[in-house]
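Right after this note come the structures.
The following pair of complexes shares a single chain, chain A, combined with chain B in the former and chain C in the latter.
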Partner chain A sequence: MSDVIATNQTILVVGGGISGMTAALEAAECGKQVILLEKSPALGGRVSQLYRYFPKLCHPTCGLEINNRRIKGNKNLRIITMSEVASISGDAGNYSVKVKVSPRYITENCTACGECGKVVETEFDDDFNYGLGKRKGAYLQHAMAYPQRYVLDPAIIGTDDASKAREACKYDAIDLDMQEEEIDITVGAIIWATGWQPYDANKIQAYGYDRIDNVITSVEFERLCDPHGPTGGKILRPSDGAEAKNVAMIQCAGSRDINHLKHCSRICCMASLKHANYVNEKYGEEGQATIYYIDIRAIDRIDDFYRKVKELPNVTFTKSKVASVVENKENGNPVLHGVDTEGYHRYANEHDLVVLAIGMEPSVPADAFPVDVKFNEEGFIEADESNGAIFAAGCSSDALDVNRAVQNATASALRAIQVVNNVAGSEG
Partner chain B sequence: MAEEKKVGTYICKGCGIGDRVNTAGMATIATRECKSQVTKEHDFLCSAEGVKMIQDDIDNDGVNHIAIVACSRRAKTEAFSFENVAISRGNVREGVIWVRPDTDEASETTQEMAEDYTRMAVHEVSVMTPPTPSGQSEGRKNLLIVGGGISGMTAAIEAARAGYEATIVEKTGALGGSAANLYRRVPESSPFKDPEDSGVAALIAAVDADSKITVHLNSTVTKTSGAPGRFSADITTESGATATENFGAIIQTSGFTEYDANQLPHLGYGKGKNVVTQMELEALAAAADGGVIKTADGKDINSVVFIQCAGQRSDEEGHLPYCSGHCCTTSIKQAMYFKDQNPAIDTTVMFTDLRTPGAGGEDFYRSGQDKGINFTKGVASEVTDNGNGCTVKFRDMILDEDTSTDADLVVLATGMVANAGVDIDVVGQDDPGKWEVSVDSILNLDYRQGKDMPQLRHGFNDSHFICFPYETRRTGIYTAGPTRRPMDIGQAIEDATGAALKAIQAAENAELGRAAHPRSGDLSYPSFRKEGCTQCKRCTVECPFGAIDEDEERYPQFNEGRCRRCGTCMGACPVRVISFDNYSIDTVGNQIKNVDIPEEFDEKPRILVLACENDAYPALDMAAMNGVEYSAFARIIPIRCLGSTNLIWVTDALNSGYDGIILMGCQKGENYQCHFVKGSEIAQDRMSKVDDTLQSLSLEPERVETYEIAITDIERAPQLINDMAATIEKIGMSPFKF
Partner chain C sequence: MSDMNTAMVEKYRNSFLSEVEANVEEGEWVKMCMQCGVCSGSCPFGPYWDHPPQELFMMIRAGKREAVLSSESMWMCTSCYNCIARCPRGLPITHIMHGLAHYAKRLGLAPKNQQTMKFASIFWDNLTKKGRVNELQLGLKLYFMNGFVEGIKTALCMKEMGMSMLMTKRMSPMEYFGGHSIKDTKGLHAILKKAREIEEAKAKQF
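Up next, the complex of A and B:
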């Protein structure tokens, strides 16, 4: 790790998803010095795992390309991947931050030629695909990974695979002795943008995620539909690899439920509408999507998309909080039980595949946060004077869709700039 | 530039390039054929040592035009970024060796590809100049904020806190906007249980106390001209006095108007005092100020029905087709006005989908349930006066039956209509020289393309990009709050803060001559040769950002600060007088013309691919990374936007013997994905004229194809190239070989 230069006029952004990238770029493009930390080997965060965005059905990688290009052209921005904040001390305008940097085992010499990936043999569950596929022990996280540099899985260190990778590299880019490092930096303001994670579906016992193969989550479904994903874009169900044409989406899986997440996760209705649209796109009349919902929350002009999907003849909306899901042992089909509250009709509906519109929870829980800031009961960071110059951005602040997360991140960038400009002003 | 042009070509042998192609042969071509003055090969060009070799040549040998023949321009961008020199990239990794099989039969055509990309890179850079800013900006950084509601005041305060001066122009006699009429607002912080103070008074006090903020009340903007860093605005008071002031950037926070409930007679509006809109209820609540809320004619209220989506989410004529976002929580808040004062008052919210998202939304909804508010899924069909109050007829969606209920008061949740000024797609622009003030306009822009911000959908000035909500089609002017999109106060505050950042950024970058998003930081800008211009106006009309005006003699007037550097003007110009220092008819034309065209009987066709650098080009790169092969006959040139495609490139290519041409742009139409908004669409219209050219040359129409390519089309984009190769095999080679 080359020296990281930071001062109390530097802005630290924690998290390199869409919110963190945005906050970092917007501040850097105002001429500010910014350091962006990302835990994983590449930027992009959760949106890089999405096939499409609602309501435009455009591709998140399109915006990622632009953001990557902005980063490549900006000298005010320093990116440290595979890093996490270990501790924060100090006050607004003068924070000391300890950053833990995990070894990548691959240096900046890497040209992403891919030779190491060809020679290593051991395969691992691919986190990027939520474990739905495999990847090698030397890998590029995805085709648009930035920095465009390979990474070695720590599990291959000390094995033959590691030696093979090193031998295959013509550019002396593999350093098997790389160690975890801790670096100390001083910054004036901190933007916290560590985003969200899907709620643990195993906890929603009635829906059987842990015991029925053909019950998956919405984030997993997104990977199945992506042509870059583990099935090459085919909707294949886990139990038997058969194409799933009759798909159910269960809304509020974990959300709006005092036993799980109290809050509404905002994005899930739109995600399911998008998923229903995927089914329709892939199979036309042969496909059938059923959305079990409490309220369809398609706010403002996004409602246009809801109206469009409602008109599809093979998409059905059932107002119901599904009571339980059981498996038909003969064919592996999940069977949904509940009451359609519009008219109070009981149902037992069999589908090929069930997609849980899984709720969103903050990635870093309040009790694991490195410094005292104000949290609300849902675990999101609330803006408060007592937070000093620590500003939440994106889904660290609330359950937000991409558009609002970016809006919020842009606002956070200004809040951080106010602090460092103040520091600059008082120091002349 | 004073110093002499000196071209250096640097060829990388790493990543298998040296194993697959004869780099010495490429170097010979660079030197002998392309007149590269310095040509070097390197085993590992992007290494510190390789980069230093180039930097040394720049520093010590006067090399100032650099062709890097190595990997894609998307790879190792930072390593190969040298200051104050012109740089081109020849892509022989992703563009050649990764898309061709490593076989003996393929080696000849693979080598030809590599040699052509060398020629293209050297000839491109030879006609490039390192861009320098025009110096048009006056370096102003103060903000003009049009509209003094919550959004406008927030933008001003947040900008001032960062050290920037702001001027608020407010049409009415007071700050506060619509929110000033609220009794309370929906809570913005936990525990999200009760309505809270609107915050308007505190904002007004903060504005008044801030020495960096100036406020003009009873004033409107009667003329806006200029560009980021040098905007000029006429601010006119009610009495007609006008002062001209200068600004660095502009934020439009002109808010919304409540939908006209008179269009809802079936819901009983306008027939008595028992049916009110949400805003009218705020007035009643404010009058009661925590006491008993009565109807406007002084009657007691023991029961209230809130009808959600009144005239909204509806296709009926005169209704709003969209959802206004805030009305569900607003009705819950208003029901609490009654419940908090007297829990015995019966309050019912009649909804189809209750929309209370996020942490705060759901907590507030739950608090409403705890306070005893009834929520009924139903659709109201008619509200009638029953003598004592109202009868609401509705379809109960849960009981699945038509029924009715009585209420002393009915509150209609009507939606937001944007105060977006004139719709420039409907109202044409005045002729230059005949410009007049419009009282309907918010900004009165003295721009060739119209007086106000372009509207996206339903009358709002929103951005069309999910990832880039502050994308604007008038550089340096940002809209925020409910004129941009329907939104509640909480979101408007975030929106205004974000818009303040973007406005500050626009002013800062204008001073440095740097482009705004998406080509952030680009210093190149269009210049034109006046003597060649025919005043055809295509550039001024087609610019997706309204960046080009017309001067009194009707010549185009380029505004660097407003320009987004897409090159659509360059593509539009029939006489080819528009160019950028580092991107021009020649930089692309030279690449096209210097590809080696084999003779007809060699059976080696050439396919020109002009690929949008944001989507199609990355898709082809990623195809290469995934080992997808495509025809060795393709020669791919990345372009800033398909909109920058000038017909001369196509004509030149056909005349020089290319057998096929593929144009790859982004999706156009309603869900356009072109980052320059209209570039892709304009180019496709322009290409419809190619058929005439083809006819005049007696060439088959299928030799030129235009496609919409998404960045995910890693299989399809190569396939389209292969399809063209197959087409050529079928219809034969072009007869225009020399």
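Up next, the complex of A and C:
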């Protein structure tokens, strides 16, 4: 690894999802030196795991490609993948950060030709597909991965697979002796953009995610619909691989609930509307989507999208928080029980597949944070003066959709720029 | 209708919600309901209620005083606590149901011959007499709660169980005559009398 040169006029961005990429690029394009850390082998974060965006239903790959081009064209931005912050000390304008970099075992010589992936045999659960599919021990995280470099799973190091991979590589890009490194950098401001993770659906006991195969989460459904996903874009249910045509979406799975997440996660209603749209696109009149909701929170310009979905003849809306899901043992269908609010009718509805519109929680819990900052009740970082020059961007600051996360990231880039400008002024 | 009922109607006029908030145990929670319906769906007795909890809360807000207070619904609650465990807003629904039932009884609006209410009265009278529940007397009272013929039928039905309990000394026939009691029944009665006085004084303030 080449040396990382950083000064107290450098901005550190932690997390290379859509918010981190945006913040890093905005700052770098303003002429600031920026270091971007990403835990996984490639940038893109949760956005790269989406099939489509709401409300325009365009593909996130498009936006990622634009960002990748911006990154390639910018000299001020230094990206370190497979890295995590170990500790932070110091004050605004002068932070010392220890960064732990995990070995990729593949050097910059890699051309992503894929020969190593062909010869390696061991397979692992594919995190990128939320464990719905398998990937090899030598892999590219996804087709759009930036950097376009393979990575070896640490579990195959020392096995036959590792030496097979090295022999297959025509570019001498595999270095099995790579070690974990720790690097120290000095920066003036830190933009924290570690984003969100789906709430643990197993905790919502009544919905049976842990015991019913055909109950999945919205992020998993997104992978099922993606042509690059584990099913090649077919909505196949986990229990028997049959096509799921009658799909139910349960809103507020984990959100707006004092037993789980208190806050509204903001994206789930729109995600489910989008999913209803997927079902409609895939199957036309043969498909049936049912959205069980407390109230639909589609605001602003996305209300138009809600209205459009409402007009689809094969999408129904049931105003009710589902009380429980049980499995029909004969065919594996989940059966939803509850009472609807519009007329108080008791129902027991059978569906092929149930999608929990899962809530959003911060991916770094408050007690695991490397430095003292202010958190709100829900564990998101508050904008507070006592945070010094540590600014949250995107979903580290609140439950946000992509649009708002990007706006928020740009704002945090501006705040960080002001700090390093001050440093430059006082030193100048 | 009781005097208290008339007084309440006079006092709260069109705001049944305020009346519930002020007089029903945990009633101040009613306005927190967001009508998601998870309580109704989670209730094991749900299918047998005229109005599930969620609907009762809406009726309270809509001012349907008569319909709510004379309803059988809240008397159906078996205190399984499923609704409380699942309510996303933490409403103590079970307690509100009991609170509503109790309030309806105090106003004299509870349905006549309500089975749960009858049982509660029988149980209370049985318990307060000696400070201990007399199971034999309580059981027999329950058998004959709905008339002589039905009582005989139930008794015959339960004959074998009763005999087994006698054989294994789980039940003594002597309990029918007086039965066992706590040491200081007088003291207990004094406590209960005082409690009733306090409660009635409170009710008078309304």
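By our rule, the second predicted complex is superposed on the first by the 428 of 428 C-alpha atoms of A that agree within 3 Å, B and C clash if a C-alpha of one lies under 4 Å from a C-alpha of the other, contacts with A are read in each partner's own complex, and residues count from 1 in each chain.
The rule is simple: a residue touches a chain if its C-beta (ideal position, glycine included) is under 8 Å from a C-beta of that chain, and two chains touch if they have at least 3 such contacts.
All of these numbers come straight from a predicted model, not from anything done at the bench.
Peer 1: Once the shared chain is lined up, is A:264 touching chain B (first), chain C (second), both, or neither of them?
Peer 2: Only chain B is touched by A:264; chain C is not.
Peer 1: Mind working out whether A:398 is in touch with chain B, chain C, both or neither, as first, second, both or neither?
Peer 2: A:398: touches chain B, not chain C.
Peer 1: So, does A:321 touch the first partner chain B, the second partner chain C, both, or neither?
Peer 2: A:321: touches chain C, not chain B.
Peer 1: I'd like to know which partner A:252 touches here: chain B for first, chain C for second, both or neither.
Peer 2: Only chain C is touched by A:252; chain B is not.
Peer 1: For A:425, using the defined touch cut-off, is the partner it touches chain B, chain C, both, or neither? Pick first, second, both or neither.
Peer 2: So A:425 only meets chain B here.
Peer 1: Which one hits more chain A residues, chain B or chain C?
Peer 2: When the residues of chain A touched by each partner are counted, B comes out ahead.
Peer 1: Of the two partner chains, chain B (first) and chain C (second), which one does A:118 touch, if any: first, second, both, or neither?
Peer 2: After superposition on chain A, A:118 lies in contact with neither partner.
Peer 1: Between chain B (first) and chain C (second), which does A:341 come into contact with in this model arrangement: first, second, both, or neither?
Peer 2: After superposing on A, A:341 lies in contact with both chain B and chain C.
Peer 1: When the two structures are overlaid on chain A, which partner does A:203 contact: first (chain B), second (chain C), both, or neither?
Peer 2: It touches nothing on chain B or chain C.
Peer 1: If you lay the two complexes on top of each other, which residues of chain A touch chain B in one and chain C in the other?
Peer 2: In chain A, residues 256, 319, 341, 344 are touched by chain B and also by chain C.
Peer 1: Would you tell me which residues of chain C are touching chain A in their complex?
Peer 2: Per the stated touch rule, the residues are 34-38, 40-42, 46-47, 51-52, 54-55, 85-86, 88-90.
Peer 1: Which of the residues in chain A end up touching chain C in this complex?
Peer 2: On the chain A side, the touching residues are 206, 252, 256-259, 294, 319-324, 337-341, 344, 346.
Peer 1: For chain B, which residues count as touching chain A in their complex?
Peer 2: Its residues touching chain A are 14-16, 44, 46-47, 71, 74-78, 81, 158-159, 161-163, 189-192, 313, 321-325, 351, 353-363, 366, 377, 397-400, 457-458, 460, 462, 464-470, 485-487, 491, 494-495, 497-498, 500-502, 504-505, 508-509, 517-518, 520-521, 614-615, 618, 622, 625-626, 667, 671, 673, 675, 710-712, 714-715.
Peer 1: For the complex, which residues does chain A have touching chain B?
Peer 2: 18, 22, 25-26, 29-31, 51, 53, 56-67, 69-70, 72-74, 109, 111-114, 143-144, 148, 170-171, 226-228, 256, 262-266, 295-304, 307, 319, 341-344, 376-378, 380, 382-384, 398-400, 402-404, 406-408, 410-411, 413-415, 417-418, 421-422, 425
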